[in-house]
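We just call them A, B, C and D in the order they show up, numbering each chain from 1.
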Amino acid sequence: MSKPEGLPEMEYRFLGRSGLKVSAISLGGWLTYGGHVDRDGTFSCMEAAYNSGVNFFDCAEGYAEGESEKVMGEAIKKYGWKRNDIVISTKLYWGGAFGNNKVNNLGLSRKHIIEGMDASLERLQLSYVDLIYAHRPDRHTPMEETVRAFNHLINNGKALYWGTSEWDASEIALAWRHADRLGLIGPVMEQPNYNMLDRVKVEGEFAHLYRELGLGLTVFSPLKQGILSGKYKNGIPDDSRFAQTEVDFVKGYWKRTGKEQWQQIIDQVNKLEPIAQKLGVKMSVLALAWVLSNPNVSSAITGASSPAQVYENVQAVAAYKKLTPDILKEIDDILNNKPPAITYRFD
Amino acid sequence: MSKPEGLPEMEYRFLGRSGLKVSAISLGGWLTYGGHVDRDGTFSCMEAAYNSGVNFFDCAEGYAEGESEKVMGEAIKKYGWKRNDIVISTKLYWGGAFGNNKVNNLGLSRKHIIEGMDASLERLQLSYVDLIYAHRPDRHTPMEETVRAFNHLINNGKALYWGTSEWDASEIALAWRHADRLGLIGPVMEQPNYNMLDRVKVEGEFAHLYRELGLGLTVFSPLKQGILSGKYKNGIPDDSRFAQTEVDFVKGYWKRTGKEQWQQIIDQVNKLEPIAQKLGVKMSVLALAWVLSNPNVSSAITGASSPAQVYENVQAVAAYKKLTPDILKEIDDILNNKPPAITYRFD
Amino acid sequence: MSKPEGLPEMEYRFLGRSGLKVSAISLGGWLTYGGHVDRDGTFSCMEAAYNSGVNFFDCAEGYAEGESEKVMGEAIKKYGWKRNDIVISTKLYWGGAFGNNKVNNLGLSRKHIIEGMDASLERLQLSYVDLIYAHRPDRHTPMEETVRAFNHLINNGKALYWGTSEWDASEIALAWRHADRLGLIGPVMEQPNYNMLDRVKVEGEFAHLYRELGLGLTVFSPLKQGILSGKYKNGIPDDSRFAQTEVDFVKGYWKRTGKEQWQQIIDQVNKLEPIAQKLGVKMSVLALAWVLSNPNVSSAITGASSPAQVYENVQAVAAYKKLTPDILKEIDDILNNKPPAITYRFD
Amino acid sequence: MSKPEGLPEMEYRFLGRSGLKVSAISLGGWLTYGGHVDRDGTFSCMEAAYNSGVNFFDCAEGYAEGESEKVMGEAIKKYGWKRNDIVISTKLYWGGAFGNNKVNNLGLSRKHIIEGMDASLERLQLSYVDLIYAHRPDRHTPMEETVRAFNHLINNGKALYWGTSEWDASEIALAWRHADRLGLIGPVMEQPNYNMLDRVKVEGEFAHLYRELGLGLTVFSPLKQGILSGKYKNGIPDDSRFAQTEVDFVKGYWKRTGKEQWQQIIDQVNKLEPIAQKLGVKMSVLALAWVLSNPNVSSAITGASSPAQVYENVQAVAAYKKLTPDILKEIDDILNNKPPAITYRFD
């Protein structure tokens, strides 16, 4: 199978201030591979992505208790992709505890980072990953120990770059403090939640880190778990069209925020739909394209349960180029959630 | 004049992880000295404070366009206090523009830090201050330049310690990154807004910095500009009892937040009043005592327009020792604004 | 076999200022495994410890001329414990000489540290230990060489953390001097003798190192080789109830200190017995609990020659929580050996 | 006045691992100048010392509440000694509080070190001292702050070398840790108590620091406040021959240690007397000579209340060369207080 007709050329972006290039659209295993998408489904999605030019596949020790790494590793082997053509990531923090006790199998101690890395590589059937993430901050472990341990992985050839996921700006800055002090490698990328509805972290809190630290972003939930695809626009989740995971997701959301807030969001998405139509793309493609229009985003990590979904997501690589300043303004006006710029010297 | 009867012994606290001791209650010039409190009023407040054991006097180049520094400098001279017995601070950022154009007379460039310091020292009639603060972050100036410039002041004997005011946690961490990388002195203290009604920064955002960086706090607005003194409890600010500055303050507040939110705050303060009565102190003393009960606070900077107010504030040094865990819990229940703890590895 | 009924939940403590957690009660091989406790006895003690939640097993190249490492390694293999669930230590200094000449098989030269580590790992049948200790200071080897050699072990994946045993405060500080100067990893833990009768080092000499260096302690002889268990209270060691090792121990003690001083100690222990009774625990449990009540102790390393002894020791994890300030004061009054606090600036 | 006949040539020793030379016998102001020795007495003692080749004059801000610095400064001026021919020291820690409050006028904060130095230089009428000492450790002030502040004095030309007085080995090592980490100057000398009766610190605790850090010693109380001069050998201190300060000293000693222990010391000194006679020197000269026979001693700081005493002390420079290994062994056998060597690798 080769690239289907009608797909745009993939775009590759530098991962922050590094020399590594990742596809602007990437494929992640969270909630899907090793989970509700079966083995063959995983294989065909990954094949479709690879054939579309996706080079970056994202995973974590904690996804599906290690099953996600296993099945993604099998796919890499099955298709015989060259190691140097692909960028593989995993994340350490949560997952070390399955089948183990929790005492030292969680968090960012030197012990778990080293032991967790070896366990991940074994599941992935790889000798190294390209990117290794700290899947959360661990304020119990001294930052210096964590920075040293990720450098140990790099020095021992088990990872090429390290980064963070869901850290706050001050934690990232503290990691760089120790890295610089010790002449070690700092975290080059952060993996935050980022989409039209969740902008505070990426556009507000991190604003100065792009310049100060060269921080790159590989963002997750660019469609806010499907909400921005418009699929809930008439939204009765117990409708038979919906899988149980989706029903659970929506019901959970209702519980946390109230049905009213949910409805507000759905209304907002519905107001964006005409813009998608005007551009001739699906709502989900507009949402992804909007994420790619942020130059600080190196890659948008998408989930997909079918090759069709993969191909749809890849359209965003072309679509984001149609987002003129005027259209972006129109979207901002609907969203009405742009984080205020941090005021500077002359405000 | 010597210490009035009935005043508690002043308490001196280390300024963060430094060897310098500052009085737990200090006196600041913001909005008062050089402003609506006249020269003689400033002198008598500062004398009352000194006689009460206050050793730390806080100022800024921007307070009253430099007049605050001038009058505080005059007081120091007038009373002949020994330089080594007092701790004098000022802040650089805002104030350099009066009488100058704004191009290079604002912010944290090397030029303004060096020139602003000299101008402040001249107004203060001192050869050095103990503490020099960056009065805001300046994201236009590279952090390295700012860190180097404050070290330049210290190396040239114009200041003993440097710190920040109203910086966010990541900015403070970035300053330490450059300080450590270059073997320079990092910022030892931060001056944030902190009081019963504004807790997010001090108790939430900065939580890990006390341990990681040894950050000390000199907090301002411990009475939230008088709201926590209870003086607005029946609060019609156009009442003739109120000065124009107070009327303006409340009307500004109404405009920003709506009268409803103002009333909610006043109601909350009114609920705290019985606790103050039970402890046998004024509401304002309770509010100050509550600030001092936070061990990360090195000093609460108070404003005062009369010696009587100074003496009242100093009572907090004794009062905070009466705040048992039970009473603090009772206060927390009324305030209902304790920032959530950052979750850790095993939550 | 699983955890016996009536045992408290194990407590895990961070090892000094590291992210590693060790069980508050740990099991050591000194004088027992490979020595007077036979192979099967070792297995059943280690199994009992593991089932009680003990995760830290302590050894040394010098214990029983390497036999201790061998038998502990066999136990780990026999029970199939997961490597990431346990914390294994050994120590380098003394032991390399058995079967070799002494010229370069003792001390802390780069040669012995590297060669000794490999020999220990072979005896343990492991590819790495979690903790590697310098079993004594070696003032003949430059500190820089020793610090570099332990970092070499860590960089090569043969150990995760390094520390010291029976070093003095200045030697530990000198190790950190070189570690910091060179950007290397310093010693995170020290293994001193600590018990009710030997307090000078842990409570006096090291007092500032907990804060300055984040030093963690894994203490040995918490029962002072059984004296604090009360077993010698009527103490005629040639009594047939006593093993030859115990008889030798007591006679050696008499020889070194005189019978009179021995009797004073026994009398003191006898006075502690009523406190144990009041708390409803054995004297040995009280002695261990007292050690755990010191927050600078990460783990108390116990010896045991039977599973019953292991279970008894683990009781201390619950018992130490009963040691109120009043009881600790009562104990201090009997012991009368609290090291004086180092006087500070304002004493 | 020039050097009296019969005086040996002064010996100059390097101050630890520095390039500075100090006279083996030096003159200190403790308890004498500014205190019980009057202005003219001070002048004549200092003149006698200078004429005997003494180049190092030791003082402290705390001696006689600053009077010691004042009178020594006057002497330097009076005699017109060239600044480059003499080595002047003072010490910061205790003394800043006279006439001031104690809050920031004691200890080793940056504030007191800088302000105290300026006050000392003013009293000494000098623009710099050669040696500046931290007169005690200050565990409340972070070591980094103290190390930086002494370097600040050196960088600003107010002192040439810095050192410590009565610090323990670990504190000295921690100072070097920060100095090395930051590329700053570490403490080159320590000023401990050292004499025939007090040997633990210099010969035991510091043993490894001479090689590791190049530590130099300027020792005080080489005659143990006169005890080693033999003047108390028939020792009734209320005897009219004794000054009140001496009477007070002995009575204080009795109170602290009991008359019995005092007598033991006197007996020991009496046993040393025949050795002095054999060598043809006074007991006090033997005691000083014994101190100089330790090659780690850069200078023995003597007190003197008359020129005659100065000349007597200087005799030790010749006398110590007569102390053969056999005589030193004889002395050691009488003293019976040689600290045990720290055991090394092959003991």
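The rule we apply is simple: a residue touches a chain if its C-beta (ideal position, glycine included) is under 8 Å from a C-beta of that chain, and two chains touch if they have at least 3 such contacts.
Since the structure is predicted, the reported quantities are computational estimates derived from the model, not experimental observations.
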item	value
Shared interface numbering between chain C and chain A [over half = same, under half = different]	different
Chain centre separation in whole Å, for chain D relative to chain C (CA means)	42
Centre-to-centre distance between chain D and chain B (centres being mean Cα positions), rounded to whole Å	46
Per-residue overlap in chain D, given as positions that touch at least 2 other chains	107-108, 138, 140-141
Arrangement of touching chains [line / ring / star / complete / other]	ring
Chain pairs in mutual contact under the definition given at the outset	A-B, A-C, B-D, C-D
Residues of chain B that touch chain A when the two form their complex	102, 106-108, 137-141, 143, 168-174, 176-177, 180-181, 205, 208-209, 212, 342, 344-346
Residue numbers on chain A that touch chain C, as the complex places them	96, 99-101, 103-105, 107-112, 114-116, 119, 138, 140-142, 145-146, 148, 152, 155-156, 182-183
Interfacial residue positions of chain C with respect to chain A in the complex	12, 14, 17-21, 55, 82-85, 87, 130, 154-155, 157, 160-161, 183, 185, 214
